[in-house]
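Just below is one structure, and these are the notes that go with it.
The first chain written gets the first letter, and so on, giving A, B and C; residue counts start at 1 in each chain.
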């Protein structure tokens, strides 16, 4: 029997380069279901995320971690979750995921989920922070500012927040779409946008300010993660096509600052192209992998049609439910191992090549990109 | 040997939730060929729809229904079709399709094809009507109206037509593209558009009127079917991307009126996303399934990456040729059974789960959605 | 054992309907690497085109042609390339490719690569010319012209260049995107654009002039090749979606002039649709095939979901490196043979049908389309 690529790989640390914290308490069944999908609730006529690829994957892979048989029914599963308690459940799934390094985007509902430090404690591994740019700006507004002082205060806040961070994250896709003017905004434009925002209130959704944050991040030099592709009903998916970033990528390619495109489904072939032609572009299929479940292999293969293997990263994008860490890593690694083993069987590459590719994708590239060592 | 999902399913009725009538006479070879493709005639240098996936599927599955060997040549096949006569051919294919309930869009060339009643008689099964919104408006114009009375007359006509119908259909994709203003139009805007239309003549292609029809339908509450994706040369495919409906879907999600996205290829992953995040969105791969033939499994799998299983429906979108009923059901059911069986073999789901999914997709969801029982 | 489709096919000539010349000298390692990708150089953190599907394909298929074992390392491979010398390397790969007719686009860097005549001599086969429209216009400008005389001089130059050519090529996708006004420009618009261009200098990127060239080509009647989809960082991929050509295709369908859409990835399903509905549209997956390597089968299958088999052509789009001729033909033919054999095994078509399809795709359709006999 041929050795599998997984066996040939050294036991390299598994780096989840983009994830979030966990709910500290057991969610009720309705809330659990909401966390299983990107929608806002159950569908008409009995449609539920349980009856979708992610739900099927959860019922296959997660019950055994809680001492239940695979394919247990949702009610039974949720009952057992309560029985064990959230802490024990979180601990079990984090450890079962095999992830040994967590890069945590702390910008989404930070008060309701675990911090990087809590995640590190629960998992027994190390967690670092990825700072969400928009949150820094919103924090500055919340703490009180003026249109005149806004830019400088954001710069100060960024300097403080980024000191200990390994990367930054932009959700411009959600707020303004990716078809924004790719150039740095003038100081006057930032001031005018801040003025508008301070008068209108609400969350950040002003192109000049998003652009200001992005260009400050380009100067800073930490990898910039972009939300791309699928998300919840708050976004217009067709305005999250990564090709809309083409001009921004042209403008930043010589900066030396890496741009990391997250999730990407259903535009994963588009980011494969961008990773191919732009030297500073890296990509993942996080979030998509656990959603599409047993189809992760197809999505992975389509991504690598053009994306060089050294440009692909592993991420779960897990949020809230600890199951998503396990599902994110299981679906991705299973897809990756099958893809690489099939290539060996077809003589497309050697076992040695495949093992090297596996080590890079599962952590090596992330360690270099985010300077984790 | 493992039991197949098909064997485990109860013999549930097969509901074709979107189809059309049949030609009453045998078409000549050129007309038959035109009905095999979405183009207007044979291609340059001998290209013909016979020499495409659909033609190959037809030659594989249809000749045996007419007592010929599989893969018979087109000339021989068409000869046999004439020999048996259109009625007998229609009857044979309808019955071989296994479909036991037909939801018939009566809006396309109703004078040249069979009515729902004729379809019911030929098949020995039941047929219900789906009313095409644009046709109702065009009928009002044809019967004589004025800009002032137009809106009210359309409302009266809708009330009459929808009384016995199970759903409505919009071909806004064909006429104005899906990038229309998602809001209900003002009464004045409808009047102005009617005035323009009454002066210019021709078929309906006035955004305010399409929007008026759609919002009346939202209020009515029957499922609204939208043409999405591939069609003939009359449409601009890139303006039929379902993501262009995002704002309309946001605006209608709390109405309780289901929106059903039809065909969808090559945007089937996009509708998978919409079905995932919007509770009132349902989808199918009708028309696409018989065109792509043995590739229907790939298209189905891509659709269900995000679409919950309870949001997927079966349709043939058969029009004119009775073969398309058989091919629509055969290619789809074969793809579905292989998909579900493979999942059982891979332990992605249990046979019981798969049987439930199969029953919903082949008819259960349609029965609930269109209130057929 | 079942006969394969390849065995059943007559040994038909293999026509590469779109390719370029070869570097006359051995490139240094950095230049070799640049020719392996569409990017401008190595990626950050060690990413290299060698470590991508194309690099893996090269290491699998090419070393044996140079008497090395498959999967040799890059350094060893490049050393052997130098040892043999460029002429010998070019000759070996051209002959190993099995291509017996080359249709050569001479518009890209013609001074640095081999001419069709040199290619013919190296391969021992026949090479014909495809004239790049933009190059003809740029040549007229380079030779000196005025806004008034420009149109007529271009017409004269076209008449001269096209006399011995088999087709023309447009790179409007690169220069202005495919969302251009589909109508023929007025003579005044061409004059005004020429005036602007003559004053601004630089390469051609004036919509009126691209449209002028295209409509002159439509009148001429030779097949018009369009760059579509993937290319280097000079293009905006989302403006190379072939669906943006829909109006132009509608406007030219009755002209009798074939339109041939090249490369197409990741929009290969979109061109499948266009080839399906427009009688004069032909397509290929050249360039994409060697880039995606062992995934060429997936891309091919997606393309033929809608594209009639008689509308699909073979091309390598090889440029510079002789390896790309071998990889272009090997990856494509392997994918095609597997696709056809699988269809025979599934009873989707007969061996006879498949053999006919194979003969058309590998050369028959190109011979008719470009009137090569």
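Everything that follows uses one rule, which is that a contact is a pair of C-beta atoms (placed from the backbone, for glycine too) under 8 Å apart; a residue touches a chain by one contact, two chains touch by 3 or more.
Listed by chain with UniProt protein names: A, B, C = Amidohydrolase family protein.
Here the structure is a predicted model, which means the values were calculated and not measured.
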**Asked** Which is it for copies subunit B and subunit C: same residues on both faces, with over half shared, or different residues?
**Response** different
**Rotation angle (°) superposing Cα atoms of subunit A on subunit B, nearest 5** = 120
**Mean-CA-position distance for subunit C and subunit B (Å)** = 37
**Asked** So which stretches of subunit A touch two or more other chains?
**Response** none
**Request:** Spell out the part of subunit B that touches subunit A in their complex, as residue ranges.
**Result:** 241, 243-244, 246-247, 250, 253, 256, 258, 269-270, 272-273, 275-282, 301-302, 304-311, 343, 346-350, 353, 357, 365, 368-369
**Item:** Contacting residues of subunit A [partner subunit B, same complex]
**Value:** 37-49, 51-53, 56-57, 59-60, 70-71, 230, 232-233, 236-238, 265-266, 291-295, 298-299
